[in-house]
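Following this message is one structure expressed as structure tokens.
Per-chain numbering from 1; labels A, B and C assigned in written order.
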Amino acid sequence: MDLFLNRLFDAISNGSAYALIAMALVMIFKATTLINFAQGEMAMFGAFAVMVVALEWNWPAWVAVIVGMVFMAAVGAGIERTLIRPFDPADHLPLVIITLGLFLAINALAGIIWRFDPRAFPELFPSGNALTIGGATLSWYTVGVVSTAVLTAGVLTILLNKTKIGLAFRAVSSNLESSRLVGIRVGPTLQFGWALAAAVGTLGAAVYVADPIRALEPSVMVRVLIFASAAAALGGLDSLWGAIVGGLTIGAVQSIIVPYTPIPNELSLAAAVVVLMLVLWFKPSGLFGTAQVERV
Amino acid sequence: MLEVSGLQGGYGQIQVLHGLDFRVDEGEVVVILGANGAGKTTTLRALSGMIETKGSISFNGEELVGKGAADIVRMGMAHVPQGRGTLPELSVEDNLRVGAYTRTDNEVDDDMDRWYEVYPVLKERHNQRAGSLSGGEQQMLAVARALMSRPTLLLLDEPSLGLAPIIVQDLFERFKQINTDTGTTMLVVEQNAQLALGIAHRGYVLESGHISVSGAADDLINDDAIRKAYLGV
Amino acid sequence: MAARFQLTQGTSRYRTYKWVAWGLWILVLVLFAFAYADTASIEILGNKYNLGLPRTSKALTFAIAVLGLQVIVGYTGQLALGQSFFFGTGAYLSAWLVADHDWSWIVSLLVVVPVCFLLGMLFGLPALRIRGLYLALVTLGLAATFPAIVQLDALDEYTGGAAGKTVDSDLVAPGWFESLANGIAGVLQSLPLLGQYFGEGDPSSKEVDRIYRFALIVILIFVLIWLVSNLLKSRTGRSIRAIRDNETSAAVSGVDLTMAKTLSFGLASAIGGIGGMVYVAELGIASPGDFTQLLSILFIVGLVTGGVGTLSGAVVGGLVIAFVPEWASSTEEFPGIPERWLQGPTGSFILGVLLIVLMFFMPGGIIAGVRKIRARFLVVTPAAPLELGAPTGTEADSGSSVTDDTPTGDAQPDEPAGGDTPDEVPTT
């Protein structure tokens, strides 16, 4: 029972981190129906920025996180303006290839600047345990990550539903042409989406790496991207709360289901991919997504 | 109010409009008729800045050619696209709100109430997903949305398309009503000549990217040329 | 642009041109092989750059993988990011057969090809339901799992775990080849002016072995290109290409989507597996870290650099993705760039940026660029009208060309007159 609870807490903790990155993916997908394969690397780069601000400039940890988020938001906006906007939004292949190029370039850039030795990362949540149930421990870290994910989803939902720019964003996701016809400036709206996604991604990477057992290094998000995209796709790529459900599901697969099966733990990634394939097989638009109709 | 001359436009390699000349005066309802493929939708898209154009479009004295859609909307033109262009995942109310996107005053809610009065069915369904509305209801929504920006010129692209005759009848009556009550100038593009000319002051016929006939609505209704254009004979 | 020469396919003049082009290419390859049979290096700006046959051979193995990718991405238009999985499978499978069971490399192909083909078809199945970006996602996930699979404790004895699987590359040149090589070397050495680049005396046996392996790989590539090219002209091939242009239309026109998609996945994976086999044959070791999803992305870089939809582009792409990182890490000094920067993964950075730049300026890749230039001097016209009724790949696609491509300037085996699409491709 204790083991189960500990595994459950692991699942929730990892799942929430995946959910954050997944939310970033969802934001970009909603706006552009594109999967930003560079999201993980952008998040990683943001986490490095946070590290620099917190550990080299010695600013308070959460201030560093905000700074990192703002920094990456600017980078995200810049990427949209220079690399994405020039292309026809309907033609996905060139855009996806650009995100792949970004994946490579950003990953390498981080390696060039900061090398590959694992780095310390500031503590974002109090150490120690919030709760002890028998032999199982619920750490403050887990509480922190989950709260962050839920809060973020909440803030994003409010942003999208109650603000003017959120309305514009939802309009653009829904019908690009009509959005133009009511005077929405699509470019800046998309830019906003990319900036927001980059910020959320950075937050996700930061809380992920803040786990005392993890260290920050350039390849830290490479695997996480897979888990996060599986989470996003599971939830239906255009649903924020779907991303949370998806994240928790993937976390559960990784930390609860796999340990109880003969599948070796090293293959938890493979298990997540298989789960994804199964869901997509039966429900191509994910659990909560809106079905896409294809026009000949 | 609107003075178009030598308008050319199309989609990349395919040029659809080959030099159009027409005008719309303030307070009028003007109709552009034509068969499928004549270029009616393209004409409206040219006006609202959705495609590249050559020639001249003078709107309230300002030149529109070369301007983007976002600017043109802010100059007072609203375009109800073919097929309604509803934002299906958003609520009816959000659809209306989006229509007022370019406005900076605080009378948006008042306007919404006003359009709820004109189209009570929208009020009934104001929280529903717009995609769940019937075709006729979506058309009303699309028009109300366009009017939320308080345009001086309203462009309507084939409002009757895909709708049952009874609904369409009602729709057009309301258009006429809006024109007389608010004085909003309208440019309607339609295949249903009878209906359109019934509410219009003047009309044009478009044939393969050229204006072939023009005149007062009453004259056009009785004209052989209409039948010619309509049947493409 | 004024065309200087006009050649019509099917005429004897065209045939002559093709034979001459072939001949020139073979000559270049022979010269290259003999000049760089020893571990050669160039010095530029104080940095030593390796340019030897072994490295070129490695580049060619990547080219094979990229060629496989062309079948899926270039011709069916689906983005698949799992090629490193099959590349790795081919490598490990053949390494195990050769090292532990004394099979010869050629014979190991009999296992590698079907296994990879079947695995590819198996993963082609999700492609039936999953479209576009989801497919890219799933295949990327697949590629990411390869190192973990190969390092499983249960498979340790087959795969050598984290340390990898070593194999003695015992492809030794047979006697007749040695004599041939000696003869060629002698001829080359006696050339005025150029003779000095080809060494002195008979090439060492190591060098002869290298040249032999190089020759084998080159022949393999030509064979594969020829096979794929012919396949794509066949009926099955055309249905594969129809998928790229418009899936729904293809289905409606009677193309058996299931068959075509799974076949193309199978084929692409089989070719990837072959590449992996050659890779480990040349390198002598297969280690898990070599086959991550980063490699899959690298293959995409190669694909795009060479030119999506071109077969000869695979070779160009392979060369680029093998040599750029190699040379980048050999660069220890470069004016204007701090040394610290040069010590990192500069090669990958360059490739990432290259990919982005290409999409802006040369989406058709290098081959498209070369074709444009060639088109200034040479126009190839088809001999007869195109066959009607069969969905052909469109030349109007930005930057992608239809199958009838070959290594630039090269000949294809004699084509039947008519039914071929022009060589020239308008690129946007």
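Throughout what follows, contacts are C-beta pairs under 8 Å (C-beta built on N, C-alpha and C of every residue); 3 or more make two chains touch, one makes a residue touch a chain.
For clarity, every value in this text was computed on a predicted model and none was experimentally measured.
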Neighbouring chains shared between chain A and chain B, ordered by label: none
Far-end chain from chain A, centres as C-alpha averages: B
Length of the line joining the C-alpha centres of chain A and chain B, rounded to whole Å: 42
Inter-centroid spacing, chain C versus chain A (mean Cα positions, whole Å): 35
Mean-CA-position distance for chain C and chain B (Å): 55
Residues of chain C that touch chain A when the two form their complex: 77, 79, 126, 129-134, 136-138, 140-142, 144-145, 148-149, 151-154, 246, 248-249, 252, 293-294, 297-298, 300-301, 304, 341, 343-349, 351-356, 359-360, 363
Chain A residues touching chain C - in the complex, by the definition given at the top: 33-35, 37, 83, 86-87, 92-94, 96-98, 100-109, 111-113, 115, 222-223, 226, 229-230, 233, 264, 266-267, 269-270, 272-273, 276-277, 280-281, 284, 294, 296
Chain B-touching residues of chain A, taken from the complex the two chains share: 164, 167-168, 170-171, 173-175, 177-185, 290
Residue ranges of chain B touching chain A (in the complex, touch as defined): 48, 50, 69-70, 73-74, 78-79, 81, 85-90, 94, 97-99, 101-102, 145-146, 149
